[in-house]
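Pasting a structure here, questions to come.
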Amino acid sequence: MGISTKKRLSPADNAPLNVEDCISGFGLPRRFYTSTGIYENDIKNYWNCSWIWVGHITQVSKPGDFFVFDYSQESVIISRDREGQVNAFMNVCRHRGSRVCTEKSGSTRVFSCPYHAWTYELDGQLRSAREMGPEFDRRDYRLRQLHLRIFQGLIFVCAGDAPPDIEAGLQDIAPLIAPFNIENTKIAHHASYLVSANWKLAIENYMECYHCGPAHAEYSLSHSLKDPKSITPELISEMHRAGEIAGLPIQDFALNGSDVDMHFFCQRYPLYPGYVTGSKTGAPLAPLLGELKSYDGGTTDIQIGILNNFLAYSDHMIGYRFIPISLQETNIEVIWFVQKDALEGKDYIIEDLTWLWHVTSQDDEQIISLNQKGINSHYFTPGPLSEMEWGIRAFYQNYLRMV
Amino acid sequence: MGISTKKRLSPADNAPLNVEDCISGFGLPRRFYTSTGIYENDIKNYWNCSWIWVGHITQVSKPGDFFVFDYSQESVIISRDREGQVNAFMNVCRHRGSRVCTEKSGSTRVFSCPYHAWTYELDGQLRSAREMGPEFDRRDYRLRQLHLRIFQGLIFVCAGDAPPDIEAGLQDIAPLIAPFNIENTKIAHHASYLVSANWKLAIENYMECYHCGPAHAEYSLSHSLKDPKSITPELISEMHRAGEIAGLPIQDFALNGSDVDMHFFCQRYPLYPGYVTGSKTGAPLAPLLGELKSYDGGTTDIQIGILNNFLAYSDHMIGYRFIPISLQETNIEVIWFVQKDALEGKDYIIEDLTWLWHVTSQDDEQIISLNQKGINSHYFTPGPLSEMEWGIRAFYQNYLRMV
Amino acid sequence: MGISTKKRLSPADNAPLNVEDCISGFGLPRRFYTSTGIYENDIKNYWNCSWIWVGHITQVSKPGDFFVFDYSQESVIISRDREGQVNAFMNVCRHRGSRVCTEKSGSTRVFSCPYHAWTYELDGQLRSAREMGPEFDRRDYRLRQLHLRIFQGLIFVCAGDAPPDIEAGLQDIAPLIAPFNIENTKIAHHASYLVSANWKLAIENYMECYHCGPAHAEYSLSHSLKDPKSITPELISEMHRAGEIAGLPIQDFALNGSDVDMHFFCQRYPLYPGYVTGSKTGAPLAPLLGELKSYDGGTTDIQIGILNNFLAYSDHMIGYRFIPISLQETNIEVIWFVQKDALEGKDYIIEDLTWLWHVTSQDDEQIISLNQKGINSHYFTPGPLSEMEWGIRAFYQNYLRMV
């Protein structure tokens, strides 16, 4: 048609991941949130190679108990075997690849694949397979095992061959969170919020409280983190004084940086006067956790690796996960923990207990989706991070090192 | 398995755009309608670099008035500032990229990002951003501005750095459409028709009336364009005679070709006897536009660049847009204009006013989707264009020059 | 950010198809079920180049009768012309590519494209096209014709230029299935089951009965194929004895292997005592097919190429197709045939006739989707095939040879 040039289209979806394009102190380039190739790589090199918090020991309290944890296209079975050992393995049959376990949780003697009945033990070993001929050795076909670590009742798994070193960090934060006695909690409630955004935008949202003031009216009434300047020495020392009495002499702790495999973080910060916990009225929501004797008016941010975040009030704890579903779909999962013997309806009311982080997560659902929409524009350019967004920088360091 | 060849798969989605594959006088190859890579390129190099008609000045009549115009993954804010200037800027926060404005239209003093409250003036300048440190200069972070041109009340924007030259063409058609006094119209109705097809198929559909006879029974009853042979010298001279009386001595005009940046087109053609406007009965639908004194029994096709099409009857005007949503989803947007002071229910009835182009657009919804379905076949081959499809050739020339 | 390596992402979706990655006796690698590039190639090089069973002559019994058969993005018209010839051609207009025929079946004199009214004869020849200028020759623009073969009333088409040799195989199985007189059957019912899986997983499911025991309780009550060891010499000779009386002295037949263009297969196997056909109670479901005089208590697996499978009981036949819709969507189509003169409600009850393969297909819908879910995991590795899965090996040989 009178035009004879070959024109090159945009870089392929699988063009090399040019980490040098990332500018220190700024957001990541658009492609990190819009490329299918980068998403696949995120799952393979970040998620599958990280420690992921999957649940609590009360979910596998007896031999035969199991539950399934899914992320992106991966599915993991966590089960307690007859010897009492907790195991994690991929929910992928070694025969033709079917999901082996189709229930979310339960109790069983074996896992029998619904397709051809290959049957696996509670520790993932292949127990039986029909008609496979004399050459076949069952021992070659156990379900792929994941690394597993139980820490104060919290179960972590890592699918990759060389999991990041977690022990040093766990030892450092162990005494700081011991007073909550997480091992002796139970899951009171579980909620999911589907966000139309890449998982990294959900993580970034949780990594900073710069947005709390503008976006979270309810949270901002009670949580001083929304405005670092409001965390006065007086507020801190009042919390520490009350902490001594309560039995919570907590210290802050951070292990992070560009040369660290796993980020650990633990910081207690004050609620505003009138609030003893994350409740609507400021009043208690449940029996005190662990050996705590009273309220200190604070709450503890706990990070065990970028992906696993917790918030421990004096009377309940919340776990946060940001589960990738697809390139621009993420499930924000929120899990509420209370003291193990607390009785629902008597010692705590679900609606009251979950109020704050339910409304806060609903806000986040909106703002994170709007973030993705804007980034999808060809005219998006990464902007400068504010001083309150240091947590995002820590995430980027860790992320860019691993992918 | 006894087979040892490496086989090459189809060309990558981002293989070069080989314009030479396009044969003059024939349709475009299949890939132009099925490739995600080409779709992305279309948005970047065609849509973002073209003038796009986004609205009418009545939508931003007072300082503070604004509306949002979206296409594909792009979102544009059009607002009138306190000095009375109309501005257009990208709806993408310069901080972390969130959509800044979440309402479709309204009136405001500033645009405050819902995520971290970065706040922008009505002209897109950054007014305030908290906690950004001493190095931060607000002037570096205004919302990305678009080129904007208001022509006879119609607002056009162009996102690209070097917009096509529009002035010469506008001057040429200005006197031809002046009698309709578009500036003194208002939007009477707005409808959207979602088509399961690439945006180019929707444009091609509008660019030719070869399909009008077979596909648009209602239109073909009254509009002579459906059969060029029916546009007799008698019909033309009768329209011109009536046009003189009405005050509409319109001339045809066309500015296009392979060496032109922007295509302009303006042609008045007769309705069949018995029809004074595009109505079901042939009778008037609304007060005469502009200074017109009577009906001339014609209608004017106006094209201000390929993407922006209008049809001006004596008593109302229709604007047509074909908004890409995704590779094979397009919104046909139809906007009806009437004289500014006309009163709904008294001077015009929405149902009657919109009848013709509502049924016609519903037909198009079907046939354009069927077009895409057929093109998706591996056995589609571009066929020869008929003599009545010269408008498609003009589109291809313009398109292939720009992408 | 202190990190300066360029990292390579996963292989592109259109990386070469490395057939050597496939291990004999094992499943195919993950990519064959997850790559869009391979899916597109499957349609082009496997489906478009194979013989596909599209229907039965009763669907085009009179001149002008037609029906449309779709697979993936392809659409084929099958019609009987005025000379009584049955033809197949692509449902893609040679002008701008629209679907020409929008009805699923019917009777017509011509096919007139709904877009611009290009009109085609019943044999696909272009009859008329308006305004195409003097150079235009209608003979250059007939609808693309497919190869077509009618065998015992079953219609097969092949879109590719060089269809696999089908004649030798058809001649070999012709006498074996002649007693069913398929030509004199009619379609009693048609059902579709949408499976969230790649089409190859649906084929693989049908190619083996290793899963029948674990997954199909109803089928396994009556069909000995679910357990080859249960097919005792006594059961076989009892079926053969009854077959002689019934007039069905059928022999097994298989034509397959890595050097064969088309796989043919024909095997009659016994139902368990008490079952004369594939019914819930074991009792007859419809009048005996063809010239059969009585029931022999068996059923015949018929394969005419990998894609076309049938199961002939003494009183009805079932046809199975696995129609690709998209990368991970497949329609399992099941078509029930009975003797041509049988009356619904009197000679057969739809609900009883279809019971077994309706419940069986519902099971398959579940297990095939679970298979895809597991294969989507990055940790899926192809496993060893059992001795009962020889049919899958035959499929792989044929598939890898063609793609």
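Going in written order, the chains are labelled A, B and C, and every chain counts its residues from 1.
Rule of thumb we're sticking to: contacts are C-beta pairs under 8 Å (C-beta built on N, C-alpha and C of every residue); 3 or more make two chains touch, one makes a residue touch a chain.
Note that the coordinates shown come from a computational prediction; the quantities given were computed from them, not determined experimentally.
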item	value
Copy pair chain A, chain C: interface residue numbering same or different (half cut)	different
Cα superposition angle of chain A on its copy chain B, in degrees to the nearest 5	120
Distance between chain centroids, defined by C-alpha means - chain A, chain C (Å)	46
Residues within chain B bordering two or more other chains	12-13
In the complex, chain A residues that touch chain C	12-20, 22-24, 37-38, 40-41, 43-44, 48, 73-75, 90-100, 102, 112-117, 129-133, 136, 141, 144, 159, 258, 396-397, 400-401, 403
Chain A partner contacts - residues on chain C that touch it in the complex	1-13, 27, 30, 204, 210-211, 213-215, 366-367, 370-371, 373-384, 386-388
